[in-house]
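One structure, pasted below without further comment.
When the chains are written out, they are named A, B, C and D in that same order, and each has its own residue count from 1.
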Amino acid sequence: MENDVILSVKGLSKSFGKFYALRDVSVDVKKGEITALIGPNGAGKTTFYNVITGKYRPTTGRVVFEGRDITSLPAHKVARLGLCRSFQITNIFQENTVEENILASLVAYHRKGLSLFKGLGSYRALREEAHRILEMLGLAAHAQEVAKNLAYGDKRLVEIGIALASHPKMIMLDEPTAGMTPEETERMVKMVQKLFQKTGITFLITEHDMKVVFSIAHKILVLHQGCLLAQGSPQEIRNNPRVREAYLGGSLDA
Amino acid sequence: MEKGKSLKLAALLAGALFLFIFPHFAGVFAVLLLTEILIFALFALSFNLLFGYTGLLSFGHAAFFGLGGYAMAFMVQHFHLSMLPALAISTIVAALGAAIIGFFSIRRDEIYFAMLTLGFGMMIFTLVHQWRSLTGGSDGITGFEVPVLDLLVKKLSLFSPWAYYYFSLVVCLLGAILLWRLTLSPFGLILRSMRENPERVSFVGIDIKLYRWIAFTAAGLMAGVAGALFALYDRMASPSMVHWTMSAKPVLMAILGGPRVFLGPALGALIFYLLEHFITQYTQSWMIFLGAILVPIVIFFPQGVLGTLIAWAQRLIRREGHGE
Amino acid sequence: MDTLLINILNGLCYGMLLFIISMGLTIIFGVMGVLNFAHGSFYMLGAYLCLWLAPHIHNFWLALLIAPFLVGALGALSEMALLRPLYGRDISFQLLLTFGILLILDDAVKLIWGPGYHSIEAPKALSGTVQILGSTYPVYSLFIALLGPVIATALWFFFHKTAWGKMIRAAAMDREMASAIGINVPLLFTAVFFFGTLLAGMAGVLAAPLRAIGPAMGDNIIIAAFIVVVVGGLGSFLGAFIGAIILGLVEALGIQFVPQIQMALPYLLLALILLVRPRGLFGSE
Amino acid sequence: MRKAFLSLVVACTMVGFLFVPGQARAGRGKIKIGSVYIFSGFAATYGQFAKQGLLLAVDEINKSGGILGKKLEVYFEDSHAKPPIALRAIRKLVYEKHVDFLIGLDSSGVAKGVVPYLKELKVPLIITHAATPDVTGSQCNKYTFRVSVNINQNVMAAAKIAAQTKALKWTTVGPDYAFGHQSWEYFQKYLSKLNPKAKFMKTVAFPKIATEDYSPYITSIMAAKPDGVFISLWSGDLVNFVKQANKMGFFKQGYTVLMSLGAATEVLYALKDQMPTGLWVGTRYWFLANDTPVNKHFVEAYKARYGVYPSYNAQNAYAAVYALKAAIEKAGTTDKMAVIKALEGLTVEVPAGKIHIRPGDHQAVLNVTWGKTAADPKYPIRILKPMVIFKGEEVTPPVSATGCKMR
């Protein structure tokens, strides 16, 4: 039972002054599942991500990843343990090429960053791996393009590529379809499902598009005003009266 | 690709060759001027490792230039060391200084980083300015001669401007090549990624403080080499080497030439000195002209002169390519 | 004891000059995100304009009204013509551009007024000395030390009670929001640059009877003003006030107690504050 | 790929500009003089005066047929008061303009940085202002000459005056570099010999060059309650200091005040009647100090051309040109080594009086003027009344005491 849980959060709170962005949140994320974290704007989703991945220190509570206490670890150490994230706003290396975006992450994972004088070109294995990742994301043709010139949807894929390249055990995606057209959204959903099937990586996704959530998530967590309102299977959440009342309203029927 | 590579190599070799045969056609003054340009090109390149490649605007880079210069002057004046050991010690002194100052400075970003480096730089300035028994105060250390270059099999005098030009050329080329390799390495990629987005870099598992610290120390080390060369070129180490106005020079050069192109700052150094050289021939108030030239360059050449030229050239080439 | 008191007064007098300069610098930074390297040169220009006006109008107070206005106008002009194309670019471009303006102003002043030092008499009413605990002290310095808080209060009223002041404060806190709620941002920027350089010019006029007027006076003060603004917290009104007082006192008392390292003290202060409080004393995270 | 190529093309083109010949080697049959002074920053008036004095002399000489039939041509460069920049300027003059002789240098710091390098340049330099004893002492070499009053001479005279006053407890205000510190050091050395009862206080003030605000220093000095204050500030710094000291009542405390460079006309012009009367001030030349025809002519010509009375820097530069003229005529050639020989031991009359350049250390021996500031309706500035003139031999230490080993 314990072995199934990859990320365990206990009594997590985060306050900014008097304001509690998170209040006593306890959840478990199971290995090999896609878990969705939903909640209205300002429910504390991004804060939840930031506290877990080491951007903020929690006010109280513990975060355990794969049996290791990672509470208050700095971001780069959390990433090293295999817990990676993407960002709500496109957060890539704009002036670098697409390939370099992926390579940066690979360099970090393979701990080649302190190789000071050997040219990047001579790391054939890294470049092949970068190529494989770009191929998987359907971006291979854009490898030498400067990232800022990509289409919006492609940029979001680069974002996921950066996370993938650090060989994560678990990826936390923060609104991967934010600002996308319906076509782009569909492409992204398919991509996430494809990645999940191919790699078996555990996913935690925040998402505002309920269609997306209910089509891909195995389990759903609902945040409301910093508190965990409910958790369960999509069916359970759909039928949960509190969730319906507090947040979902009638939208699920539409 | 292969063709492009060989073209680049050929161009670089041609450039190096040009620098090597240049003194045979030029007068003493041109040789001296070019020596100074080379030294400042190295200084600006070292600064740009932080600015153009890591995204950190240091406003105290002259501290390490000065540390290198003072260490060199001190070693030559008091211990009469020969060139290579003196240069090695100066480099180490500058690198140590950079490691210590960098340890604190890299904890802050952007304008705060600039201000911290300014603060530390001016503390070093005060140190050399006030510690008269060690540094000669505001007069600096003067009156020493260029040490001999002891190559074990042969001792070479670097007294003549030509000899010193060649020595500086070799050292500056080596320094530039090292910096260039650094930017092409995985380390360089991480630096460039940090320039774009330091937060993202930490989320792929990189300790950005460590990388910034290494970059800061490396940049300070190379600035120390340039400073040591400059102290010998000038036959003096003076507080002006450490002052913030000296720190402003590589900033100016990098932005003039183009911080996103490796050789941009070197070109910036060249432009800076040639401008100064030509303008001061006609008028004593060269600052007003420098300002008048600086302003349009900043407005109309957002990627620096070299960066903008390259962008134009690329557009031209692309257009030709479409025509075919 | 009385030496200490006099030196505290010296420090306050210098601090208040610094405050007026830094206030302009910090407003410009807060609203526009521009660190104006030429700010010290606008200060110098204020002093020179006062020198130029003095024989024509024979009235220091009138000069105190006119000269800063002219400086502000030049500031606004240079903002419109030169700085505007640079918004949205990296901060280093603005730093370099204002550095270019500094070079031009410094040399222009030298071409117009010559490289020498000039001096201006304090207005008659303030030209004497007073006895403070047995020491003589110039009335004019005392006047500056007292004028500082008056100006600070006036500025406080401006920022908190007038529409323009509130707008500037809102824009300083959140630039994007300012444009979202319909403030004419280009106009606001020009106005802010006008106002900021006007303050620099005013400090220049006030400093004219106190210090020698010379081409180097701007370069000496700009770094001190940078330190004040960063120590106080970029864009912070209160920070500029407190920071200026601290720096003024540090300089004056440093000379009395630790003359050997006095030169390093402002930088030491800067580094310590930044390491302990990353955004300065009153800066917001 | 193309990036690297392009950058190289651009770089090479620009370096090519260096080949564009300047006006170098243009004037055969001319005597070229390179001149380096401070033309910018806090002491830019120095350069201005020196340039005016120098040009006056050059124009006079050229009008009357030049030296040995050759016209003089002068190139000016700015030292920014910084040694490295001065050195660069001198290299430019020697290597690019191919000047035959150098005249100039304000600031001891600049002189100390430049003088050792002359051995490499092999061009004689006549210093007209920088006063550090080192350049005609520990650093002396055969290329370096000085026709102006140095620290030793100026301060020896100051000590003689100080010994005559009742003041016993002395302190100093001086610029924070070698000149200020050395002035104070020599003042103590000479005064304690002349008056063993003189005491030198611990509270001294060495504000850095181009200090804006002197009030804390003035406060400290006033708090220490000295009898006498020896002030070695100069140019803009002295102007600044006097203004602020006036406001703080510094000059009303009954101190004996000695300003080693207070009688510089540019300072007096800047201060006008803000310069208090009754202070002892020194100078390196005073335009009313002698009424020889040479001096009268100089002062009148200068006043007519520039509208002000000449400062010491103007006279010194003017004197240097005439000293050079005398040496070239004595040598009968413009050959540098011959001119150096001729300069050694040369006696020449200049506006400041007869000066004699000692062969032993290349320092000129000349009269030193001090005096008390006084108002005179005939002049727009303070003048010296009474005036005390010290004979050069009285205030110049012997060559053996300078530490000079001529090589």
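We adopt the following convention: a residue touches a chain if its C-beta (ideal position, glycine included) is under 8 Å from a C-beta of that chain, and two chains touch if they have at least 3 such contacts.
What you are looking at is a predicted structure, and each value in this text was computed from that prediction instead of being measured.
Trainee: Provide the C-alpha centroid distance between chain B and chain D, rounded to the nearest whole angstrom.
Mentor: Each chain's C-alpha centroid was found; their separation is 36 Å.
Trainee: Using mean C-alpha positions as chain centres, tell me how far chain A is from chain B in Å, no decimals.
Mentor: Using C-alpha averages as centres, the distance is 42 Å.
Trainee: Per the centroid of Cα atoms for each chain, what is the distance between chain B and chain C, given in Å?
Mentor: Whole-Å distance between the two chain centres: 33.
Trainee: Considering chain A alone, which of its residues make contact with at least two other chains?
Mentor: Nothing qualifies.
Trainee: Which positions in chain B are in touch with at least two other chains?
Mentor: Residue numbers touching two or more other chains: 129, 285, 287.
Trainee: Could you check chain D for residues that touch two or more other chains and list them?
Mentor: Within chain D, the residues that touch at least two other chains are 39-40, 208.
Trainee: Chain touch graph shape: choose line, ring, star, complete or other and state it.
Mentor: If you draw each chain as a dot and join those that touch, the picture is no line, ring, star or complete graph.
Trainee: Chain pairs that touch, all of them, please.
Mentor: All touching pairs, sorted by chain label, are A-B, B-C, B-D, C-D.
Trainee: Which positions of chain B touch chain C when the two form their complex?
Mentor: So the residues of chain B in touch with chain C come to 51, 57, 104, 107-108, 110-112, 115-116, 118-120, 122-123, 126-127, 129-130, 244, 248, 251-252, 255, 285, 287-288, 290-292, 294-295, 298-299, 302.
Trainee: Under the touch definition given earlier, write down the residues of chain B that touch chain D in their complex.
Mentor: The contact residues of chain B facing chain D are 4-5, 7-8, 11-12, 14-15, 18, 22, 25-30, 32-34, 36, 129, 132, 136-140, 142-144, 159, 234-236, 238, 240-241, 261, 263-264, 266-267, 270-271, 274, 278, 280-281, 284-285, 287, 305-306, 309-310, 313-314, 317.
Trainee: Write out the stretch or stretches of chain B touching chain A in their complex.
Mentor: On the chain B side, the touching residues are 178, 181-182, 184-190, 192-193, 195-197, 199-208, 211, 214, 218, 260.
Trainee: In their shared complex, at which residues does chain D touch chain C?
Mentor: Within the complex, chain D touches chain C at residues 39-42, 44-45, 47-48, 205-208, 210, 212-213, 215-217, 219-220, 222-223, 235-236, 239-240, 243-244, 247-249, 252, 266, 269-271, 274.
Trainee: Would you tell me which residues of chain D are touching chain B in their complex?
Mentor: 1-12, 14-15, 17-19, 22, 24, 39-40, 76-78, 82-85, 87-88, 91-92, 95-96, 108-109, 112-113, 115-117, 120, 139, 176-178, 181, 208-209
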